[in-house]
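Taking it in order: structure first as structure tokens, then the write-up.
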């Protein structure tokens, strides 16, 4: 497969969409980004790296971090996670407080905000120094010590994150938060404020395509069955209310963030990360979605 | 892969669950079934057939027919289908009338009842003799003239299907039904009342695993891209409010029916059908779900 | 109280609003009305009649009939009505199918469509000739044989009433309709198609202000306690999602219809009917609401 | 009217229900109350006082305070209040976060928690020392300096009020809270923690029955029109999801609190307060509801 050429073609073909969508505005600090940025990085399970555009610039991974925190919690708790969170798509055009209330405080899945808050709570219970240990986990996956939190972004989220404060307190009212609400929120806002490049992000997620093993040392982070399950969750729940659309058009498990990043996995083949800050109305990167649709079309490979 | 032995093992291992769940009671005629029935049939894209138990007994395929009617509509309309129906999982524990009302008469996907009613309406518009032509389509897929409607089941659904009548009229009130409501319902009740054996069902669905081609004559029913898309819909929406659970545990696209049948596809590998009438509280066959979970575990093969 | 002068003043003062709102469009036959029509009729429990404008022209009373059918059912069933219907305001901006589904087929009150359909079902069970007997009941209240159904309106509702068909079938699916769905709908569409003038309507409703007695013969239709209860229901549930607004601004129990009529009761004082076909976005007559607000302001009399 | 005898009869007749219901458990400090307490105090607009049982014992007025804070806000803002809050009953069996989200942060009425939080926010904006000034307002109405906050109850609410914290943050996320969320909550928790006896409560609310004037000095707190409007709000929204039931059975405007108190108003006649800590499943005092139903039945007087 000539990935270099395919990425080149994709870059050309998505150009016509590059004024569509708008930079996410919910976190003021994130609005400072240059909306014209665009990068792709693909890495195969043979360790071949392909990239194009701004693939070495840092961006805020935001909700993409939810896959990593879930995976970290999985290493402690395994299937016990599901006592407090479901595995079903949220499938609701209206916001998750509604659903959380209907379902008595059990979030439908770990990739909507309330689910990620419960995961954050689990990590606080099971680690001594949650932020440091989580950061080390991500650095280990990526094989890079340069991954870090952007503290300005974290505090910008804190200052304007009233809805997340509402969600965390609602979870607490249903006894589905064990620790102090402020501590959970602090961890959560930091987790979302991790910055990566497309290159780092694609490599960080490669173990999901590689049966749970880090490529360079063949060390298992999760076993094959656990990785399969996280991939399946990305497939059904990775794109908020657009998960079906992504599955329909792209046909790969993946996860998006409001920083404009998307990562997708072709099990046993590759991991790919895209970044472009303009989002569609569902909160997913316009060029990222388009690029990945073109990728599976051009390679003729999807999991279906 | 020794499928014969795997099916044998599955049959043994699921025995302990064979008193769990209850036969679906919404259609009186369907309650007459023997709840202890259990069969599996698996057919590979090489044409190898494996079966166990009551795999040659007819049962009512019910909602499984929605995949077939969607596929038939696809042959006429292609992507224009999505002007009137979405591709997102419904993800709601409460019934679909609510959702239909929120979303102004556009069903979230073609596998919930209102979506299937819109598909039925499309087929009526685009065929001269909808019931006959649809039956012929299914017979062609299965390469068997023995497939037929069970008229008693169709009329039992008609007599007690007040909720479907409500849905069809609600769709009509939103102008998302073009034809006469009664005609749409009549087609829909017949479509659901098709009977098949596990053997027939697995072979009927084999073309979804075979890139859109019927195995014995290599004739394309849908192209590769269309088949990929229908498979992805089965993945995200095939099991009502348990689609995430099925994806998480089984990791294959599939579709269930309240007659106790389930069909699942491993793209480029096989198609498999199970039948056991006892349903869990979400309306999916207990033994069927268990069997397919064991199948992907024992073969070590899933799409993720 | 100089009601003549007050009605005159009201007519002048509401003129500035007479282009606001639009004639209800859900029933085609009703759109033929002249939107500039406007009338008021007030009758006191001493039998004094005051009127202004088009108070002697017939209009379709529509949902106002729900108070009359409830009262008729009350004469048969008394408090047993509440085994199948609630007495709480619906308080929902979105339509009643949602609520009906949440509450398992028990309508929140008798003045929303599903509640009125259950009342219609009760009347069919308890009468030999429902339409005739109901019409006679209304004629007796009004002391006039000129009250009748408008058959064109009834059949126009039937032809376009898909949402009501949906509601009736949903109720049937919850076993809260005993009779044939079509028969219930036929009665309901006729009931709503009764025509009255403001004069007739005000006189028809006078017994609610007169402790349950028809004025001219002092015959009790309902006892004092029953009338108090129906008045209280009009207060909390009479104006769909604008019941609170009407209570807040007018301070009298009342009921509106999409034909543009409103009737209101001042217990122990008077009954008043208004008619103007232009409706606000909540489905209530703009000039009617305004007129009644002015009436209680100018008379300085409300129940609060 | 022989109120002494009527209260005596009521006390006897409600005895059979005195084991029904349970003390509200959401605020731990409130569970310490003796569940067998029961008192009634009625005061007419002529200044005649009637009481029975534990009518001189203090209890936590809780949500009853919402009528007082609304009235205080009315003195500053008049009808401008309704720019940020509605006047419609909430009419929902499920909790108010759902509704708040549907309606984009505008609470349906001032008597549900989010509405009261917005009122609290208004008072903080319009006073220098909100807690002191509100307390003085209540003392003036009651003509007693003995009214005070119970600080233990206020801090117990604070410690367990996660749902209210969630609501306040959700309102803030919709920009319907101007001040600091913690300050709003602190005021709200204090407001609810005011303690009164039945005697004090009935006298405090007497001005709502007396056209807005304090009885002993004839000083207007609100004008006649404003009082009418607050009374109408109590009628439609005073009892959560049981407002219709209370209106239907009692036929007077009123307000309940989870401390077991209820106050009701007969405009131009009397104000009456009851207290009994056992609540029904809707959160309203069982004996209080029963007593007031008997009161309007025995006196033959309701507003309808």
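Which chain is which? They are A, B, C and D, in the order written, and residues in each are numbered from 1.
Methods note: contacts are C-beta pairs under 8 Å (C-beta built on N, C-alpha and C of every residue); 3 or more make two chains touch, one makes a residue touch a chain.
Remember, predicted model here, so these are calculated numbers, not experimental data.
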item: Degree value of the rotation bringing chain B onto chain C, based on Cα positions, nearest 5; value: 180
item: Which listed pair, C-D, A-D or A-B, duplicates the contacts of B-C in over half of its pairs; value: A-D
item: Chain copies touching (chain A, chain D) - same or different residues, decided at half shared; value: same
item: Centroid spacing, where centroids are CA-atom means, of chain A and chain D in whole angstrom; value: 47
item: Distance between chain centroids, defined by C-alpha means - chain C, chain D (Å); value: 32
item: Shared interface positions of chain A, touching two or more other chains; value: 94, 102
item: All chain pairs that touch each other; value: A-B, A-D, B-C, C-D
item: Contact footprint of chain B on chain A as seen in their complex; value: 86-94, 102-103, 108-109, 224-225, 227-229, 231-233, 235-237, 241-245, 247-248, 251, 253, 267, 297, 300, 302-304
item: Interface residues, chain A side, partner chain D - complex; value: 94-95, 97-98, 101-102, 162-163, 165-167, 169-170, 172-173, 181
